[in-house]
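Here subunit A shows up in two complexes: once beside subunit B, once beside subunit C.
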Partner chain A sequence: MESKKRVLTGILFLLPITLIMLVLFIIPVFQTFWLSFRDWNGISAVSKFIGFDNYLALLKSDSIRQTILNTLQLFALGTVLINAIALAAAVAFDRKGLIHTSLYKVVYFLPTVLSPVVVALIWRAMYFTDWGVIDTVLKRIGLSSLSRVWLGEPGVVMICLIIAYAWYQIGTTLVIYLAGLQSIPVELYESAMIDGAGRFQQFRTITVPLLAPAITINVLFVVVNALKTFDFPFALTEGGPQYFSRVVTLQIYFYAFRGIKYGLGTALSVVYTLFILLLSITLVRSLGRREQR
Partner chain B sequence: MRRKALLRWVSIALLLVCGIPTAIAGGQQSKEVTLTSYAVPNDWKEGGQALYDAFMKKHPSIKIEDIPYTTDSLTFLRTRGAVNDLPDVHEINNDEAGLLFAKEGKLMDLRGLVAAKHVYPNLLKEYTISSGLVFGFTQGSSTAFIYYNKELFKELGLEVPTNFDDFIAVCEKIKAKGITPIGLAGQDPWNTEFPFDWIYANQVAITLGPGGYQKKLADGSFSLDNPEGVEVFKKIKKLSSYFQKGVTSDSETSTQDLFAKKKVAMTFAGSWNAALAERSGFAGAFFPPFGKKGAPQWVVNSPESAIGASNTHTAPEYVDAKKKFLEFWFSPEGYQLMQNARGNIPSIDNAVNVKIMPDIQALLPVLGKGPSIPFLMNTYSTAASDVFISTLSGIFIGSAAPEDAAKKISEAIKANPKSK
Partner chain C sequence: MKANRRNLSQELVLIVVTGLFILPLYYAVINAFKSQESVSLHPFTIWFNTFTLKYISDFFVHRQYLRTLFYSGSITVLAVALIISLCSLGAFPLANVRSRIFRIYYIAIVGAIVLPFEIALIPLVVVLKNLHLSYTVWGIALVHTAWNAPFAIFLYTGYMRTIPRELEEAAIIDGCGMLRTYYHIFLPLIKPITAACVIIFATWVWNDFLVAYVALRNPQQLTMQVNLYSSLGKYLQQYNVLFAGMILVCLPILVLFLFMQKHFIKGLTAGAIKG
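Let's turn to the complex of A and B:
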């Protein structure tokens, strides 16, 4: 009787969140999957079943190839850049004798507390051709030949987006690395120093292995955030010029809301979700194995 | 027990005391109607506010709550429409989404309003669906102009060009002086299509005769993937060499700013933006002269975006308020408030105190009587328009070749016909 009561109490406590998950997550996921096999403009009350036509249309689309390339660039280069800079900064701030470390931490973390749209608009102004901050500085130091149409040139726009995005994301990554560094026992470094290990050797043999959990968290966090980001690239470039900075999340938006082809948009979101799932599982497994070693 | 009873009665009394003012306020609110309005773009907020204020003074029980414009107003409306939450009064286009909204019963029927009798019939029919339902009153007749710096032209001894070759020659002379010849708001889809539409009208549509383009589109034989179509894209590519750097990142406002600050000698702009160009104090206007020497001028002309009302709130007091607001907006008294702010070409036959640039006033007879085609994006589906605009951007930045662009756009138009 007592155990039945406890089970019932447990169910009642779980019921509200289960209902919320069902209504806001599970049912919409199934609806999305169902819609991906239909032709629907998002306005009419009726939709037409068209089988795999939406998925086939994705395979034939030219813009999808460029979109996928842009997304891969963002998450691969972005992950490396964000983690490399955040780790280097964390190591620098963790050193004894460095003054004003609190100020540096605040400066690095400040972008993270801003809205992504605000950050994107700031960088947009900085990238303005001829009179943006970057071009103005280049002119003043006599390097105006390096000036580009930063957000208007196909080969350059994604690099500009990745740099701006990295600047925005470094703060959180830095904080996690700092916490990881501060949990490494100092005695290990002292022993290593006594044994004659140099700074780089200590970093390679002590810091990096013991930071494995922090690296796992940060890489996963950065990868997933980069893959699902929408507001930042939308505010910075709206995917232009042409498709050269359009990432998958923007393409889903353009299909569904601009092109009023909800079926096509949901088909792309289904494919993308499966890709992110697969990637996350692979990353967790390989980084987890690395941690255990 | 007594204390509990006392506490109980005090609590009930407090609740009642708090509730009475709310009930009174609620009662007052039921007499007042607040309409949400998503109808005034940010460039004309002053004119819009003057319109709202004048209306609210006349109808004190109706409040207008303005929703600030987003950069992607069409998507905003489509998203809101998809969840039956369109603002009470809003801008609407006669594109695929607008027609769908009308057919799905999301928009109010405006044909019974007095204002419907005064909107020019050829413009009213663009916002009328097959059932006869009128879903919007267009704000004006839209076309595109090239606004030019009169002072600079005088200084350089330049004449207003009358054909494509002369226009290129003028651009070369301006460029030789180290000035960017043309500004174009390449971030805005309507502005992006201007050069294409005008070259197509005056080089290809002219050979098909009046109504020829529309006929080809209707019978499915329209294609750009032919020598004439490719030639249009080649001319676009030539023209784009005179655009400002970063053309695809510039909005209408930033491009108008470039013109006002004399960083570009000429700028494409819609007739709906005439007042912005006129503010510079040195602007003149002419139709894009993209025809062959000696050929008649064809124009590109469509109704502007319209103002409509949604069926989001169907209570009688809301329907009455929406009708009153639209009647006022398109009355001589209300219409001039926005028209004067925008300097656009009127859509009603009883407009008074109209303010239009003298150069544009002189061109109106050509607009009214000359042969024309509509803005091409108005004739394509939204999916085809997306390909059309992004491919044109590719031509501007040199990433798309004219032959490929012609083929790609033709395929997109065939694969995505506009729903009727």
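Let's turn to the complex of A and C:
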């Protein structure tokens, strides 16, 4: 049983950081919630209660469907792509006799320390028409007919964004898988080999189950990061062409600063918050259950 | 012998793939030092066919490199200092005092980790204005502190829970108050997670674009990221200057990374264990 004094002292310990969070995190989030039910012009102190009108207007807005589709694409494709490639690469690097394992680790980790703006500007140059790297290579190998305005075509831009995003983010995931693989005892593989298990069978029955905690962490990490990302897509395409690479975080920003539609912005924020919370709870539950089996 | 040869060919494949992976970075670095003409004629060359420091110095002079370095630096130092000191203090009761208040607080903190900053954007601009904090280094540093605090508290609490309870009990018996236990016993023991936190949050705050973009628009006080992004419009036809700018913007964190890669990888992957 803890004494009352210890609890009170503990509350005092938490007070400074809680105050900062209260003013700059908690209260603004609740204000968003409150404002989403009101008609507010952003300047005046008064606002009028309008019920769910903002939410209905959000449903009717023409860009919202594309925005949601883009967000789903980014986090679903991004999660699968990043995890699949990182896992494959980790398996390839986790071999005895490789000369440069730690060097590889550093190389793949390098982009994750760079800022989103820098990475986005580099990829803008990669995707440039004519003198970008991709077009240059295509021209060299005689496939210049494939060349296009990579970041300017509605059907292509999201794929380009996701590839660049995967390149940027893969390092962390790779390093976590590598650490997971290195914690699996070699004896397990040796005895499986004696029992006549093939490479793929070993991977399925030893590697994947023992890697379950790493998979959980990586999936959660990539999903949450992809849903929170703003700087990178903003600096790469600013959501363009039109709204064909706009994700929800960008849309909220545009509602706030470009269109001055605070009602729509706050309503979208509330919906998005609920979506992220529900998704993370579901993921933690289902992945955690799979891990226990 | 045969196995050796197979290893060698596998290694060769890995080297080629890794080379392709690093290509975008190599391309950016090499083009920062080539002349404008040679870039437009041969955008992608394996080595420098011309070499100039003109664009590096252009970015220094025309884009106020030192001034932005100062602003990014002050914001980062201030925010990281606040995060480290206040969150380790706050995590202490969460890890050591058993009470329902702290259990609930901890669950709320974990939930807060997944929330994106954008959802508070609209009211936050008004809040900052009312507190006379918009357009100030303090304002930005405090916003970073508030939004990184949940994750920092989560990391600190997790680490403190691995420290044996007997240590704290012994300190109580010796008449140590909670503050002294925290300061003299826990702070030295949690150095590894503090090192990880410094790296994680310094990288995140340094690399941030959005907070500084919406809260610090005074053209006299731009952070490096905002400054680099605003250079885009002006230098779209002279991308060399932007490449040079990228190198300059990344330089401080790259130097840190190269000297402390092990800590970086450990720290930022510890950073991945969230949610």
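Here is the rule we go by: the second predicted complex is superposed on the first by the 284 of 293 C-alpha atoms of A that agree within 3 Å, B and C clash if a C-alpha of one lies under 4 Å from a C-alpha of the other, contacts with A are read in each partner's own complex, and residues count from 1 in each chain.
Rule of thumb we're sticking to: a contact is a pair of C-beta atoms (placed from the backbone, for glycine too) under 8 Å apart; a residue touches a chain by one contact, two chains touch by 3 or more.
All of these numbers come straight from a predicted model, not from anything done at the bench.
In the superposition on chain A, A:257 makes contact with both subunit B and subunit C. Of the two partner chains placed by the overlay, neither subunit B nor subunit C lies in contact with A:183.
When subunit B and subunit C are set side by side, the one touching more residues of subunit A is C. Of the two partner chains, subunit C is the only one touched by A:16; subunit B is not.
After overlaying the two complexes on the shared chain, residue contacts for A:62 are found with subunit B alone; subunit C is out of touch. Looking at the shared chain after the overlay, A:144 reaches neither subunit B nor subunit C.
Of the two partner chains placed by superposition, only subunit B is touched by A:152; subunit C is not. In the superposition on chain A, A:129 makes contact with subunit B only, not with subunit C. Contacts of A:282 after superposition: neither subunit B nor subunit C is touched. Comparing which residues of subunit A touch subunit B with which touch subunit C, the overlap comprises 42, 257. The touching residues of subunit A, counted against subunit C in their complex, run 2, 6-7, 9-11, 13-14, 16-18, 20-21, 23-25, 27-29, 31-32, 35, 42, 92-93, 95, 97-100, 104-118, 121-123, 125-126, 131-133, 136-137, 167, 172-173, 175-176, 179, 217-218, 220-221, 224, 227-228, 230-231, 234-235, 249, 252-253, 256-257, 262, 265-266, 269-270, 272-273, 276-277, 280, 283-284.
Across the interface of their complex, subunit A is touched by residues 7, 10-11, 14-15, 18, 21-25, 27-28, 31, 39-40, 43-44, 82, 86-87, 89-90, 92-94, 96-99, 101-102, 105, 111-125, 127-128, 131, 142-143, 145-147, 149-150, 153, 177-179, 182, 203, 206-210, 214, 225, 228-229, 232, 239, 242-243, 246, 249-250, 253-254, 257, 261, 264-265, 268-269, 271-275 of subunit C.
Put simply, subunit A touches subunit B in their complex at residues 41-45, 62-63, 128-130, 149, 151-154, 237-238, 240-244, 254, 257-261.
The residues of subunit B lying in touch with subunit A in their complex are 72, 74-75, 78-79, 81-82, 96-97, 100-101, 104, 106, 186-187, 245-249, 382-383, 386, 390-391, 393-394, 396-397, 399-400, 408.
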